[in-house]
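Per-chain numbering from 1; labels A, B, C, D, E, F, G, H, I, J, K and L assigned in written order.
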Amino acid sequence: MTYGDTRIYKKVEVIGTSTESVEMAIQRAVDRAQKSLDKLSWFEVQEVRGHINDDGKVSEYQVVLKIAFELA
Amino acid sequence: MTYGDTRIYKKVEVIGTSTESVEMAIQRAVDRAQKSLDKLSWFEVQEVRGHINDDGKVSEYQVVLKIAFELA
Amino acid sequence: MTYGDTRIYKKVEVIGTSTESVEMAIQRAVDRAQKSLDKLSWFEVQEVRGHINDDGKVSEYQVVLKIAFELA
Amino acid sequence: MTYGDTRIYKKVEVIGTSTESVEMAIQRAVDRAQKSLDKLSWFEVQEVRGHINDDGKVSEYQVVLKIAFELA
Amino acid sequence: MTYGDTRIYKKVEVIGTSTESVEMAIQRAVDRAQKSLDKLSWFEVQEVRGHINDDGKVSEYQVVLKIAFELA
Amino acid sequence: MTYGDTRIYKKVEVIGTSTESVEMAIQRAVDRAQKSLDKLSWFEVQEVRGHINDDGKVSEYQVVLKIAFELA
Amino acid sequence: MTYGDTRIYKKVEVIGTSTESVEMAIQRAVDRAQKSLDKLSWFEVQEVRGHINDDGKVSEYQVVLKIAFELA
Amino acid sequence: MTYGDTRIYKKVEVIGTSTESVEMAIQRAVDRAQKSLDKLSWFEVQEVRGHINDDGKVSEYQVVLKIAFELA
Amino acid sequence: MTYGDTRIYKKVEVIGTSTESVEMAIQRAVDRAQKSLDKLSWFEVQEVRGHINDDGKVSEYQVVLKIAFELA
Amino acid sequence: MTYGDTRIYKKVEVIGTSTESVEMAIQRAVDRAQKSLDKLSWFEVQEVRGHINDDGKVSEYQVVLKIAFELA
Amino acid sequence: MTYGDTRIYKKVEVIGTSTESVEMAIQRAVDRAQKSLDKLSWFEVQEVRGHINDDGKVSEYQVVLKIAFELA
Amino acid sequence: MTYGDTRIYKKVEVIGTSTESVEMAIQRAVDRAQKSLDKLSWFEVQEVRGHINDDGKVSEYQVVLKIAFELA
């Protein structure tokens, strides 16, 4: 990457989910974005939320993140 | 819907307009999103704005909202 | 109400839902608070969200609000 | 309206009230602004609040909004 | 004051200063507003800032506040 | 207090009022919380507001604060 | 869960602590809420903070979260 | 200017426009405020927005700013 | 453009870069959006950032902006 | 002080504490900054918090503030 | 630690990075701060971001945090 | 620069001033930081403000920015 050569980026907002951890929910959102977008570059976490089961266990982490990728 | 089975969502930002009400502006934005996106799931209102006519009447509600849908 | 006579208020955060309108969702949240709390005084809307049905119709408005009431 | 011809706008912050709806509270604030200001152009909702009666009914919507108008 | 009878309020943003305290800076801003506006009703503190003298003493509190008054 | 031994805290939102000062309004809110809650630990000021009398004097400081206490 | 049948939720603000991880601090806050509240539904992380020991090790994660539950 | 001698300031919110630059839009808003207000003192940029022409060129910068002036 | 005839807009988030100025970075982001989107209408600056070279010179302005366009 | 002659300021974030008042906590933070920094110029309050004793008395005000000073 | 004996704290903003987890990135930032600062006391997470590799894997967590330490 | 090799950054908050433009005020703040800090990497604009002269001309742009640099 070279600074100053007029790259353009776009950000999309994606929500990843995981039963395990915040990091895994992030990776899952990035995995999905990777399927349809090229040149993913960075992410920014917007919100961390999650679902609670009837037995009081956190059954799902939901991480809202912005994913930035370079436009060709 | 089942929690914990690794769904992924995307959010897009849309502005609906209506001459009648905030609710109608929301529905109109959702209607348009429904035309090109599958599996719309929820919306979040970001801003409520509007236009004022020369005679001082609110002639249009403009509702900025995020619409979330599940990625296949 | 008299100002300056050392009233104390508490705020609770409640989410009302309605299939009809934002106003109805607010009233429903207030109705429920009224069942268990005395001397409700005012509300402040925090967020307006909603659910979208499979057919692309807004099927539920969800209004997050703070409700303030005077402590005896 | 023509873009780029150096219009200047001012925003004032007004609170409209209504016993009926958010939309009516907005219109009432705009009505009042129209009495003393020319060329009202748009509004932006800042806060939605309200009063709750002793019987637990929402008796008044209070909408804080910014109203923009063009300066001559 | 009676709720639900369609009062309209306006808010202005004023900065009061005082060498003594935050409260005095608030009162001074309100005093000035009272000179040119009728029916002041409430204030909301936006920011508390201040000046520091060369000898490291706080020589002035600056309180940015919104002052609301009822429009006739 | 020992760090790392899995304490749990809860925060409640309370509004204290005083004719005298911001600090007094804070103490009054804490006094009231102390009546019904054990093990109050700290507070965080959210908003400072107040009422203005017809003669333009600040007749009441209203301080919105979060009060945290340890759950047994 | 069925949308549109007028459920009402309440949110409470709880701080969980853990010596291990952010996720564990979340679960501990939820565990405690589960003891006194029914029908916990979701959580939203507000802040992540922590204590640092004299030897420069993070000895405790403190996660401030809102926990939502359905009111009967 | 002398600190601590109880100056009072007011802030107004103005939107300047320019076809050229952010700085020019700021100056134009200040120019207009100068016509009707004395003793302008400082400005604070709130938002930078702009219009895009049909040919994809930025045809107007719109800068929302607060302008502070001393009250006599 | 006619108000009240139910236009719908979408906003996308794009980052433009320039070695010269904030304005140039904005135009470059808009240029790129114009290539793949019709009917661009306005932009809103979200963040202004930049890269600093080893010699301490700002070598690149990075402007994060939302670009709104009308949906057909 | 002369405007426009290219002064540069730095801000540091300091937390002052006091058993007495918000103002005293501010002055104490400024006193400490004055010991190691020259040319302190102004402060901005970020947060007001405090500790509550076992007997429910506010035993300490904690004021988080930014202190700005001119760089030589 | 004793409350009310006029401690003063300073906060610095540090960004830790880790290939493994958010918690590890926090610890690494704290480790570095510990090298040059005494009496570290707590941290507050400001942002969680990260880098994405060409193969779509999160290769680095970047955690922006404020670290507070007591001034002697 | 290589991602994932555990770099640590620090951010400082600096205010640059210029009589000419926002960009020049940014560069001047960076210039000053470069004198006392190594390995400056990026900046983030926090606020744009300015002074207005008695004749209504903007006589100084004041840009508050965070400057990040790598810690050795």
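In this text, contacts are C-beta pairs under 8 Å (C-beta built on N, C-alpha and C of every residue); 3 or more make two chains touch, one makes a residue touch a chain.
Bear in mind that the values here come from a model prediction, so they are computed numbers and not experimental data.
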Intersection of contact partners for subunit A and subunit H: I
Farthest chain (mean CA position) relative to subunit B: J
Interface composition of copies subunit K and subunit L: same or different, split at half: different
Centroid spacing, where centroids are CA-atom means, of subunit A and subunit J in whole angstrom: 38
Averaged-CA centre spacing for the pair subunit J and subunit H, given as whole angstrom: 30
Cα-centroid distance, subunit B relative to subunit H, in whole angstrom: 32
Chain centre separation in whole Å, for subunit D relative to subunit C (CA means): 22
Contacts with two or more other chains, residues of subunit J listed in rising order: 12, 21-22, 51
Topology of the chain contact graph, where touching chains are joined (line, ring, star, complete, other): other
Contacting chain pairs - touch in the sense defined above: A-B, A-G, A-I, A-K, B-C, B-D, B-I, C-D, C-F, C-G, D-E, D-H, E-F, E-H, E-J, F-G, F-J, G-K, H-I, H-L, I-L, J-K, J-L, K-L
Interface residues, subunit L side, partner subunit K - complex: 3-4, 6-12, 66, 68, 71
Sites on subunit E touched by subunit F in the complex: 21-23, 26-27, 30-31, 33-34, 39-45, 67
Footprint of subunit A on subunit I - complex, ascending: 12-19, 28-29, 32, 51, 53, 59-60, 64
Parts of subunit A lying in touch with subunit G, wherever the complex brings them together: 21-22, 47-52, 54, 56-58, 61
